[in-house]
Structures are given as C-alpha cells and as structure tokens.
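There are two complexes below, and they share chain A, which is joined by chain B in the first and by chain C in the second.
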Partner chain A sequence: MNGLLAFTKKEFREHIYNYKALILLAVFFVFGMISPLLAKMMPEIFSHMSIEGLTITITEPTYIEAYSQFFKNITQMGIIVILLIFSGILSRELTRGTLIIVLAKGLSRHAVILAKYFVALTLWTISYSLAAIINFGYTFYLFGQFYAPNLLFSLFCLWLFGVFILAVVMMTSTLTSGNYAGLLLTAAILGILLTINIFPTIKKFNPVSLASNNIALITNTKSVSELLITIWITLALSSFCLLISLIVFRRKKL
Partner chain B sequence: MKEIMEYWPFLLPVIVIQVILAVIALVDLLRHKTYRFGNQFFWIIVVLFVQLIGPILYFTIGKRDS
Partner chain C sequence: MEILRLDHIEKHFGDVRAIQDLTLTVTAHSVFGFIGKNGAGKTTTMKMIMGFLPPSSGEIYVCGEKVNYGDTKTNRHIGYLPDVPEFYGYMFPEQYLELCGEIAGQKPTQIKKKVTQLLKLVGLKGVRRKIEGFSRGMKQRLGIAQALLNQPKLLICDEPTSALDPIGRKEILEILSKVSEQTTILFSTHILSDVERICDRIGILDQGKLIVQGNLAEIRSTYRQDTILIELADQNCPASFAAKLRSLPFVSEVVMKENTITIHLTDITKKAGKILELLAREQIPVIKYEVLEPSLENVFLEMIK
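On to the complex of A and B.
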C-alpha cells in the first residue's frame, strides 16, 4: 500500500516536471476562455470578411452557441491533446527501463497500472473542471445567462467519455510496445467507434454518443433517460479495458 | 474592428498563455540538441508558428527523454 502511494506521488511529480500537467491546464484554460468569446465574436468576424456577392447573415449569438463552441473544442482538440499527453504514460517508462527498478523493489504490477490510471484520471478531471468553470463564468459574463437544461449532465457525459478514453489508452499501452504503437491503436479504436456511430441502432450502445449529444441535451432535444444505457455501457467498457490492461501487464515481458 | 478591440481584455490571457507555452518549449528545445525526430530548426518553426498545438507536439512527441 505504501509502495502504491509513493508511486502515485512520483507519477504526479513526473507529470509536473515534464510540463505535461502544465500543458493540460493551459490548453483547457484556453478552451474554457475562448469558447464563449468565439461565439460572441463570430458575427463580427464574419462581417469583416468581405466575400464577393455573398452576404452572410448571422443571428445574434446566444449562450447556447458558447456551449456548443465549448463542446466542439473539447471533443475535438481536447481529446486529441489528452491522447497525445497520456499515450506515452506507460511506454515511455518501459522503453527507458526505469519501471524494472521499481518492480524489482517489490511494487506489484497492478499497482503500476492503477496508479497511472488514477493520475491520468485526476489530471483530466482537474483540467476539464477548470475549462468548464471558466466557460461557465465567461458565458454568464458575456451573455448574461448561464442556465441550460441538463447542463451538468451534459458536462458529466463528456467527462465520462474522457474516463473511457483514458481506460482505452491504458489498455492499448499495455497491449503494444514502443512509443507510438499505443497511440495508433487508440486512434484506430476511436476511428472504429466513430464509424459505427453512423448506424442508428448501435448509437445507443456506443460511448461516442456521450461526446456527440451534448448540445442536444442542453437544447432539450435529447432526454437524460435516453443516454442512461450509454453511461452504463461506457462504465462497463472502461472497467473492461482496465481489467484487460491489468491482466496483460501482469504477463508482459519487460 | 472596434467591436473586436472591445474584447481585448479577454483575448489577452489567451495570448499570454500561448506565448508562455511557446517560450517554455523554445527554451527546452534550445537546451536539448537531439529530438525523437526532426532537427532543431524544424522544432523551432513548429513551436513558434503553430499556435497552441506546436508546443504540445514538441513536449509530447518531439522531446527526447533525459
């Protein structure tokens, strides 16, 4: 237990020293700030673009647009940044060989996976909450309105999608070796999930739905109950990925 | 343009963060001469001219472990 705690602390320190925590916070801070701002400035940006023979009329932006910018930024760029930052979480130490020393000192292999997942989860939660709070404040300041139906639930769905992504990252980094193979495999899995999301019947069971229905939720075109099954499936899949990584890593040759 | 200027107090923190990230990445890449791929010139261009994503790419896939 002591070893687990010490290893978790070491992981946190490492993420601070190699600037990864800083990057994550900075990027999500920027997303939280720029989303309402972009929504507010969109009509002005367009009015300065003079395109021959084309008049663009844009309705006055509302706070819904601020949230849709926010969800768009996080689901696209945010997830890519998460993948880039955490894809090397295990492989980096494996290629460097530093993990062998820790394991030789008696730390269990399960503890390594759990500690790393816990650290990734904590960093994701902190940076995502930061982005959400800043977005919340700015939207209120710029649009004078912040209440959207199901807003917290919608934010929770995207958070849970992040939790799932991190579990997939853990799994792919135990399954593969080398620096980029894990990243590629994660991208491939996400690509498959995005592709099968085309079929309406599967949509309900696909974790991707958690990241694609956020606007529908706050505009009330989708109800909370419709996504409950997706939430349970995502939780199950995340646990499954974590379980696989525990099993595979126990048998992995280092 | 006047309307856009109105928002400069909001844009300023965003610009400051981007500049800080670019500077940290630049200092780091000037101190380390070898990278996982690409040369110093390549990374200087990426860090300085690709907004926000440039420094992230450097720290995640460019920087070699010390």
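On to the complex of A and C.
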C-alpha cells in the first residue's frame, strides 16, 4: 500500500514536471470556452462569407448548438489529446528502464498499473470537469439557458467513454513495447469499434455509443434507459482491459 | 549462513542456452565476484535473482525465501544496482531516494536520516542538481545509495565500474569496500583487477556455465600457473637455449618475444633454481629475472581457454 501511494505521488509529480497535466488542463479549458462561443458566432461567421449565387441561412443558435460543439470537440480533438498524452504510459518507462529500480525496491507490479491508471483517470476527470463547468457557465452566459434534459447523464456517458479509452490505452501500452506501437494498437481498436457502430443491431453494446448519443440525450431523442446496457458493457470492458494489463505486466520480462 | 542460493538454474532464449545448470551459493558477509566475459550470462543471472526474468528450470532462494518470477517479495532483502541505472531525471537526488524509501515502506523520519547518511557516503551531499544533469559516475553513486536505502542483506551490483573512468572506478570500489563491512555483496564484472581489490570469493561464468567458484586466494593457488619472466641483454636468444628450456620436464610452455622469455612452469617452488643454473651454464647475460605473481587474469584466461 505504501508503494502504491508513493508511486501514485510520483506519477502526479511526473505529469506536472513534464507539463502534461498543464497541457491537458489548458486544452480542455479552451474546449470549454470555445464551444459556446463558436456556436454563438457561427451565424455571424457565415454572414461574412460571401459565396456568389449562394445564400446561407442559419437559424438563431441555441444552447443545443453550444453543447453540440462541446461534445464534438471532446469526442474528436479531446480524445486525440488524451491518446497522445497517455499513450506509452507504461511502455515509455519500460523502454527507458526507469521501473527496474523501483520494482527492485519491492514495488508490486500491480501497484504500477493501478497507480498509472488512477493518475490518468484523475487527470481526465479534472480536465473534463473543468471543460464541462466552463462550457456550462459560458453557455448560460451567452444563451441564458440553464436547463437541458439529461445533461448530467449525457456528460457522464462521455466521461465513462474516456474512462474506457484510458483502460484501452493502459492495456495497449502493456501489450506493446516502444512509444508508438501502443498508440497504433489503440487507434486500431477504436477503428474497429467505430466500424462496429455502423451496424444498428449491435450499436447499443458498443462503448462508442456513449460518445455519439450525447446530443440525442439532451434533446430527448434518446432515453437514459436505452444507454444503460452500454454503460454496463463499457464498465465491464474497462475492467477487462485493466485485468489484462495487470496479468500481462505481471508476466512481463524486464 | 547462506544469503543466496541458485539451484541448477537453466535459462534458454529460444535455442540458446544462456545459463546452463548454474548452482551457486553466496554466504553472509562475503564479497562475491561474479566474473565472466560480456555475454557470459551475468546480467541474465542477476535479473533472475531479482525476479525480472523467469528461469527455464531450477530454483533461486534469497535469505531462504524462494524467488518467484514477477513477484517482488524477496527483493526487500536485496539492494540492486543495474548495469545502467535509469532514474527519473526531473528529480533531485534527495527526492529520488525519498521515493525509494517510501516504496520500501520506511517511515518518513527514518527516510530523511538515511537519505542524508547515504548521500554523504556516496559523495552526493549538497549536490543541488537534477539527476538528468548527472555524469555517469554520479549516477552510479546515486545507484549505490538507492540500493543501500533499505539496509539490504544482499547488495547486487551489475558491472558497476564497467563504463567509468579510472577515478570513477576507484570511487565506486572504495564505496563498495566500505559497504562490505555491513552487507553481503554480489558483484558482477569483467574487470578482474576490481575483483582482486574487493572480492573474497569468486565464481567464473563462461558461456552460461559456472566453471569455478570458491575463495579467491584458494582458486588463485589451485589454478596458478607459475611463470618466470627473463629479460636478456642480447636481442636474440640462442635457439639452443630455448630448446633446452622446452626439454625440461617441469616447463609447460616457453614464449619468446624479442629479448624477453616467458616460461610457464608446472611447479615453481622446487624448480626455479634449475632455470637459473641453466642460464649460468649457458653463460647468457640477463637484465631481469622475475617470478610473476599468479594473477586472477591468468587464472581466468586459463579457465576459459
């Protein structure tokens, strides 16, 4: 337990020293700010675009556009930033050999995986919450709308998708060696999941649904109950990825 | 008391038998030199002791506890200095040692005290520089400090002096020498003069096989090759003299190079005088006549022939 706490502390310190925590917070801060602003300014931007013979008419934006921008930014750019920041979370240390001494000091291999995942999860939660709070406040300021149905549940779904992505990143970083192999494997897994999402019959079992139904939830075109099964499956898959990481790293030759 | 025991260890990498039937014991309060050429299997053996690599067969015991691959429980008895120690470069040495102490489960007050002591011992006290700015020698010294942090019963050093300059080597050997008063050391190297300086017991590993192990002085005496070095006044040694030397029953080898003759004898104690007699009889002028001390290098080279 001492080892787990000490290593968790070291992980936090490392993310602060190498500016990864700062980058993550800054990027998500920008997402929170820019989403409602873009939604508000979209008609104005388009009105300045003069394309001959073409008239672009855009309806007056609402808070829904602001949330639509927000979810789009997080599911696209946000996830890419998460992948870039956390890919190689374990393989980088294995390549450099920095884990040898701490493991020789008696740190359990399970503690390494758990500490790294916990820190990644905490940073994701803080930066995502920051973006969501800023987006919420700024949307309210610009659009005067306070309430959106299922907003918290919708935000939770996207957060859980991030939790799942981090578990996949942890697993691929354990399975592969080198800095980029894990990133490629994660991208391949996400590619497969996105392809699966094309088929309506299995769509609801796919964690990707948690990141593609957020607007449908706040516009009440999708109900909470329809995504419950996806939530359980995502939780199970995240646990499975972590379990694989623990087992594989336990048997990894150093 | 046995601190470390390796029982019939085999390690295969595909078809390559990296370690072959290695049985080895290290007793308490000894400095055990684990000698071998590069690629002999020293690092592989050490990684198996640390539980970082699984042996293909055989068992390893540290302080009587079985080492299980992937498990780190037995490592609480060990301080380990890898051949190229890698640290978190953004940390200061104190911070790194504190992290190691916390991982080892020590109390904060104990850690503070121990960190100060160890930094003083390895000559890094007062160094206000991040580890990323350390030289190779400083990193090795920090490596020794972290290895000693948990007051290990066994200190394993994997080639700690190989990549250092003579001053760095001297410093590390002095630290190890000091440390050997309190703990057992297993020290791998291919630099034999380092072994002669600090080790009392040795094991020679060649192509994955332990070809000899035991007390350094005993091994030296058992495997000694008695050698006499003669430097002649004349550039050319008469061929007849060399032939006479070779014909002597106690001479095993005669090597001639310019005006120097190296003679290997089977027994120096009784026969050295015969060589002098022959030199006098043949009236060969001599500049230097020296009985060479048997070195570990000679023993090593003889053993791995």
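By definition in this document, the second predicted complex is superposed on the first by the 254 of 254 C-alpha atoms of A that agree within 3 Å, B and C clash if a C-alpha of one lies under 4 Å from a C-alpha of the other, contacts with A are read in each partner's own complex, and residues count from 1 in each chain.
Operating definition for what follows: a contact is a pair of C-beta atoms (placed from the backbone, for glycine too) under 8 Å apart; a residue touches a chain by one contact, two chains touch by 3 or more.
Predicted, not measured: the structure shown is a model, and the values here were computed from it.
With the C-alpha superposition on chain A as described, chain C and chain B fit side by side in the combined arrangement.
In the superposed model, A:K253 makes contact with chain C only, not with chain B. Touch criterion met: A:G88 reaches chain B, while chain C stays clear of it. Judged by the touch definition given at the top, the superposed model places A:R96 against both chain B and chain C. Of the two partner chains placed by superposition, only chain C is touched by A:R109; chain B is not. In the overlay built on the shared chain, the residue A:K40 is in contact with chain B alone; chain C does not reach it.
Contacts of A:L235 after superposition: neither chain B nor chain C is touched. Shared-chain residue A:I23: touches chain B; no touch with chain C.
When the two structures are aligned on their common chain, the gap between the nearest CA atoms of chain B and chain C comes to 6 Å. Comparing the two complexes, residues 18, 96 of chain A contact chain B in one case and chain C in the other.
Considering their complex, residues 2-3, 5-7, 9-10, 13-14, 17-18, 96-98, 100-109, 250-254 of chain A touch chain C. Residues of chain B that touch chain A in their complex: 1, 3-4, 7, 10-11, 13-14, 17-18, 20-21, 24, 28, 36, 52-53, 55-57, 59-61, 63, 65.
In the complex of the two chains, the chain C residues touching chain A come out as 47, 50, 52-54, 69-70, 72-73, 75-76, 78-80, 82, 84-88, 90-91, 99-100, 102-105, 143, 146-147, 149-150.
Interface of chain A with chain B (complex): residues 18-20, 22-23, 26-27, 29-30, 33-34, 37, 40-41, 44-45, 48, 77, 81, 84-85, 87-88, 92, 96, 138, 179-180.
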